[in-house]
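Once you've had a glance at the structure underneath, I'll fire off some questions.
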Amino acid sequence: MSRLNIELPGLTLKNPIMPASGCFGFGKEYSQFYDLSTLGAIMIKATTVEPRFGNPTPRVAETNAGMLNAIGLQNPGLQKVMGEELPWLAQYDVPIIANVAGSVEEDYITVAKEISQAPNVHALELNISCPNVKTGGIAFGTIPEVARQLTKKVKAISAVPVYVKLSPNVTNIVEMAKAVEEGGADGLTMINTLIGMRLDIKTGKPILANRTGGLSGPAIKPVAIRMIYEVSQAVNIPIIGMGGIQTAADVLEFFYAGASAVAVGTANFVDPFVCPTIIEELPNMLETLGFEHISECQGRSWKKHEQFAYHRA
Amino acid sequence: MSRLNIELPGLTLKNPIMPASGCFGFGKEYSQFYDLSTLGAIMIKATTVEPRFGNPTPRVAETNAGMLNAIGLQNPGLQKVMGEELPWLAQYDVPIIANVAGSVEEDYITVAKEISQAPNVHALELNISCPNVKTGGIAFGTIPEVARQLTKKVKAISAVPVYVKLSPNVTNIVEMAKAVEEGGADGLTMINTLIGMRLDIKTGKPILANRTGGLSGPAIKPVAIRMIYEVSQAVNIPIIGMGGIQTAADVLEFFYAGASAVAVGTANFVDPFVCPTIIEELPNMLETLGFEHISECQGRSWKKHEQFAYHRA
Amino acid sequence: MIQKELCKIISQTEIATNIYELTVSAQLTREIVAPGQFVHLRVASGGDPLLRRPISICSYDRNKLQFTMIYRKEGHGTSLLTKMVAGMEIDILGPLGNGFPIEEVSSGETALLVGGGIGVPPLYELSNQLAANGVHVIHVLGFQTRAASFYEDKFLENGETYVATVDGTYGSKGFVTDIIKDIQFDCLYTCGPTSMLQAIAKQYPDEKVFLSLEERMGCGIGACFACVCKQTDDPTGVSYKKVCSDGPVFRAGEVLI
Amino acid sequence: MIQKELCKIISQTEIATNIYELTVSAQLTREIVAPGQFVHLRVASGGDPLLRRPISICSYDRNKLQFTMIYRKEGHGTSLLTKMVAGMEIDILGPLGNGFPIEEVSSGETALLVGGGIGVPPLYELSNQLAANGVHVIHVLGFQTRAASFYEDKFLENGETYVATVDGTYGSKGFVTDIIKDIQFDCLYTCGPTSMLQAIAKQYPDEKVFLSLEERMGCGIGACFACVCKQTDDPTGVSYKKVCSDGPVFRAGEVLI
C-alpha cells in the first residue's frame, strides 16, 4: 500500500514531492543522478514566448540559510520547450507542470494555450510572482483584481488545470489567493521568493548584477508555513507548498500547514538527491508518527481533532 | 578622532550601535555584562498605557538562522516605566529611544505624550508594526493613510523627535515610508519582524501558543537590506536599520544600503556582548576599507561615486 | 556573576541510549551557587542553530574548576553537541537562574528528590550537597525504559533510590507519582516533565515542594520575556516570573504550571 | 559520471599564508577525465553556509583514488573548511565541468601555462599531464606577495617556471602579462582573475588560448542558470554557455568575459 499517492486537479501523483520551477531546469541534469520517474511531478523552468537570456551575472548570492537569485527567467522559449524539452521528458512516467511566465497578458495566454496541449503537461503553474523581471509581472502578483483577470483568461484557453503561483511580497496573501480562486484557479502554488538584497562589503555595491533578487531556502520556511496556514483555511482549492524544504520532516510541516503536495527548490542545489531521499524517508516517518497516509497530515495544524478519528497517535 | 559618532534628529550618538527594542528589556540584565554607556543608544521595550502580560508560552521558536517570537508586548506599563525603568537607566550616559505601542490611537498618544517628557528619552520609536498583538496595530502598519495620521498626531504631542518603525509585511514599503514622512516623522526604524510560523512535527500544531510570530535574526537580513535600499532613496529622513545584524560587517552592509545607524536585536540573545564587540571592531574595519568615518558608508550602494571623492579605496 | 566563556571539553560519553554526560573545564564553575542552576550552550559558531540551549548543571567541582552536564539527544542542537569531543571548545553562558534551596531542609530531616527523565541530572548535585549536610535523602527516578536510565548507582551512594520505568523494563512499572505516595518527607525537590510536576504539586498542596520548570528560552538571562509564567497569587493578572532568571526552581504554588 | 560522495580527508596543510592543500580519498577520482575539472564541496551539514563551494582539482591519483585541492581562505565557507582535519568526512559532488584540452598540443610543441593566485592549482595537473606527453611546458605564476606563493618547486620539476608578485617580494615585480610578452608558445592555458584572463585574451587574439572562468554558482551541474556567460558569436542575443557544465574552460573568443 502506498502512503504517498495524491490526487490533485489534473495530477495523479505517485507521491507529493516535486522539484520546484527554476531549480531543476528541464530535468536533464538531474536525470544523471536518478530516474526522474520516481518523482511525483516536475515543475519545469518558466517558459516565455521568446527565448530569454535573462539577467547579467552574478545571478546568485548566498545569505544565512538561504540564497538570492536573479536569473531573470532565462529559458529557450516556447518553441524549443515544445519541440525539444517536453518530448525529451516524455520518456519518463512523470506528469509535468509547466511554469508560464510573461510581461503582458498576451504572453501568458500564448504560452499557456500552446504548452497546455503538450501531452505530458498535466497542469500549468502561472508565474505571476517572479521578482526578477523589470517589466510587467509585479502587478499580476500584487493586485488581486489584476491576478483574478489574468487567471480567468488563462483558464479560458488552457487545456489543463491551472495553478497560480503566489508571491509572498504582499500585505495580504489571503486576498490574493481568494482573487485567483475566484478567477477560476484549480490550485495554488506558494510561495515564490521574498525580495532581498546583499551588498558587497568591499565595494558597497549589490552582489547581484540585478541588484535585488529572490530569497529562497530554509530561511523563508517560516514565512511559507504561515502563509499556507492562512490561505488553506480561506480557499477551497489545493495548495502545492514550497519554500525551504530540505527534509521529510519539512514536508510534513507543509502538509500540517495545509499543503496537499510540495515542491523542493534550492535544496536540489545542495543535494541533487534530495527529492528521491525525501520520497524514500517519508513512509517511515509517517509510520513512526502513526499516519497511514500522508493525506491525514493535511491541514492538521488547524483542523479539529475529530477529523482525525482514524489517526492512531 | 572618533570614526563612529553620528548626529540624528534628537540623538547625539557616540556610535551608531544600539540594542533593538524588545531584545534588551530595560537594560538591567545586560548591565551585568558591560557598561551601558558604551552603547550609542538604547531602544527600550515597547511600553503601553497599562501593564501587559502578553501572550501565553511558548513564546519563541527557533528557525533556520532565525527565531520566531510572540511575546505580545509584555511590559510593566507606562507608570512603572516612567517611575522605575527610565530613572534607573538615567545613571548611564546613553540616550534612550522609547518604543511606543498600543491598540488604538489614544493609547499611542497617551504613552508618547508622557514618555517623551522623561529627561533621558531623546526620541520615540512608534511601533506600528508589531505582528503579535491581536487587536489593532496591524492597520497602523499596513495602511499608509492610517500610519500618516497616527504619525501626525503623535508628532503633535511628542516632546522629542519621532521615529516610526516600519513593518516588512507589506506589498509596498516605500509607500508606507513616504506616508509617515509626510505625517512628519523625523526618522524611520526598519525592519520589524516578518510574520512566520512553525509547526511541531509530533503534534502538527503551532509551536508558539500565539500560533504565528515575528521572524527575526540573520534569516531576514536580505529583506531588511533590500527595503532600506529602496526606502533610503525615496525619503529624506534618516533610517535606523535592523534585521539580523550580528557583526561589524553586517553594520556596514546596512550603512551601504542607506541606514544612518543600526539596531541589534536577536544577536543579543546569542552573544550578550555583541553590541560592545561590534563597537570595538568597527573602527578597524573602517580603517581597513579606507573609510575615515562611518558616515562615508551611508547609501554607498546607490550613491554615485563622485559623492565619495574623499574615499581612499 | 554570569560569565560567557569558551570552555574546553574534558570528556563526553554516551552513558545511556541517547543520554550524554559532558564535562567541561570552566572558570565559571566559581560562580555556581546552588544545585539546579543551568547554563546556556552555543552548539554552533554560525547561525545554524542560532539560539543557545539551556542545560542543567548536574554536578560541579570548585577545586578542579569543572562541571558536568547530562543531556538527551533531542533535536538539531543536541545532535550537533554529541559530535563534540574532548579538547574542543564550547561557548557557555552561565551559571544562570536560581537553584534548589538546600537550606530548606536540615540535618536529620528527610528530603525526597523526584526526577523524571532528563530532569534527573540537576538532582544529583542537590543530592550530594544535602547528603553532605546530613540530610536523609530519598531518590525516586523515573525513566521511559531501562536503556534510557542512568546514575542510579551514583544516587544510591547518597541514599535510598527507587526507579520506575514507563514500560516496566526496570524498577517498578509506571510513574514516580505511584512510588512516592508512601514516602514521608520534610521537603520535596523535583525536576522533570510538566505533567509530572503538576501531579506532584497537586498531590502535596500543603507540603514544602520545590519544582524546577522548563520553558523555551530566548536570552536565558531575563531580557526577552520568552520564558515567563504567571504568578498564582495575581490580583492584577499581569504578575509573572521568568523561568530563566527568577527560576528555574520555584516553590510549588508560587507560579501556575 | 558525477558522483556525490562522503570523502575522507587524508591531509590538510596550510602551505602558504591562508592557502590550504587538502587531499581526500575518493571513489569519484575514477571519474576525473581532464585537468581543470572541479568539485563542489559542502562545508557544513546544516544550512550555514547553505550552498556548496566550487574548488578545482589540483592533482589526482587514479591508483590511490585520491585527489588534492588547493584553496584560499576567503569567506565563511572556506574558513570553516580550514577547520577540518584528517579523518573527517566531507561531502563532495564531482567531478564537474570540462577541463583543459591536453590534446591541443603535441609532443615537442610548447605549452605556456599562466596562473594567477588561486587560479594556479588546476594548472598543476595540466602541467603533469602535458610533461608526461612530451610537451615542453613553461609556467608563469602570479601571486600577490611572496607569502602567498606556492608550488613553484613542483612546477619546476616539469619545466621552466617564472614567478611574478604584485608587490615584488618574490620573482619579478608586476603582473604575469609582463613576463609572457617574450615567450613563444603553441598553446596557452590560463586560470586566474578575470582581469588577467581578459588581458591575455586581448594580447593573443590569433593564438590558441584556453581560459578557465569563475562565476558564482548555484547548482554546479547546469540546472540553475546561475553561471551563464554570453557566446561571442551570438546572432540572436540569447546564446549562452554555462561555466559549470560547458566550462569552466573555454577557448578564448568563444564566450564574452
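Letters A, B, C and D name the chains as they come in the text, with residue numbers starting at 1 for each one.
Here, a contact is a pair of C-beta atoms (placed from the backbone, for glycine too) under 8 Å apart; a residue touches a chain by one contact, two chains touch by 3 or more.
Not measured: the values here are computed from a predicted model.
Contact with chain A and chain C alike is made by B, D.
Relative to chain A, the chain whose mean Cα position lies farthest away is C. In whole angstrom, the spacing between the mean C-alpha positions of chain A and chain D is 36.
Chain A and chain B, compared by their mean Cα positions, are separated by 34 Å. Centroids of chain C and chain D (each the mean of its C-alpha atoms) stand 54 Å apart. Taken residue by residue, chain A touches two or more other chains at 64-66, 217-219, whereas all remaining positions touch fewer.
Those residues of chain D in touch with two or more other chains are numbered 46-49.
Viewed as a contact network, the protein chains are fully connected, with every chain touching every other. For chain D in complex with chain C, the residues that touch the partner chain are 44, 46-49, 76, 80.
Those residues of chain A that touch chain B in the complex are listed here as 63-66, 68, 142, 169-172, 194-199, 201-202, 204-206, 211-212, 215, 217-223, 225-226, 229, 244, 249, 252-253, 256-257, 289, 297, 300-301, 313. Interface of chain B with chain D (complex): residues 64-65.
Within the complex formed with chain B, the residues of chain C that make contact are 1-2, 4, 42, 47-52, 93, 215-230, 236-238, 240, 245. Residues 22-25, 28-30, 32-33, 45, 51-54, 57-62, 64-67, 69, 71, 74, 76-77, 207, 217-219, 246, 266, 268-273 of chain B touch chain C in their complex.
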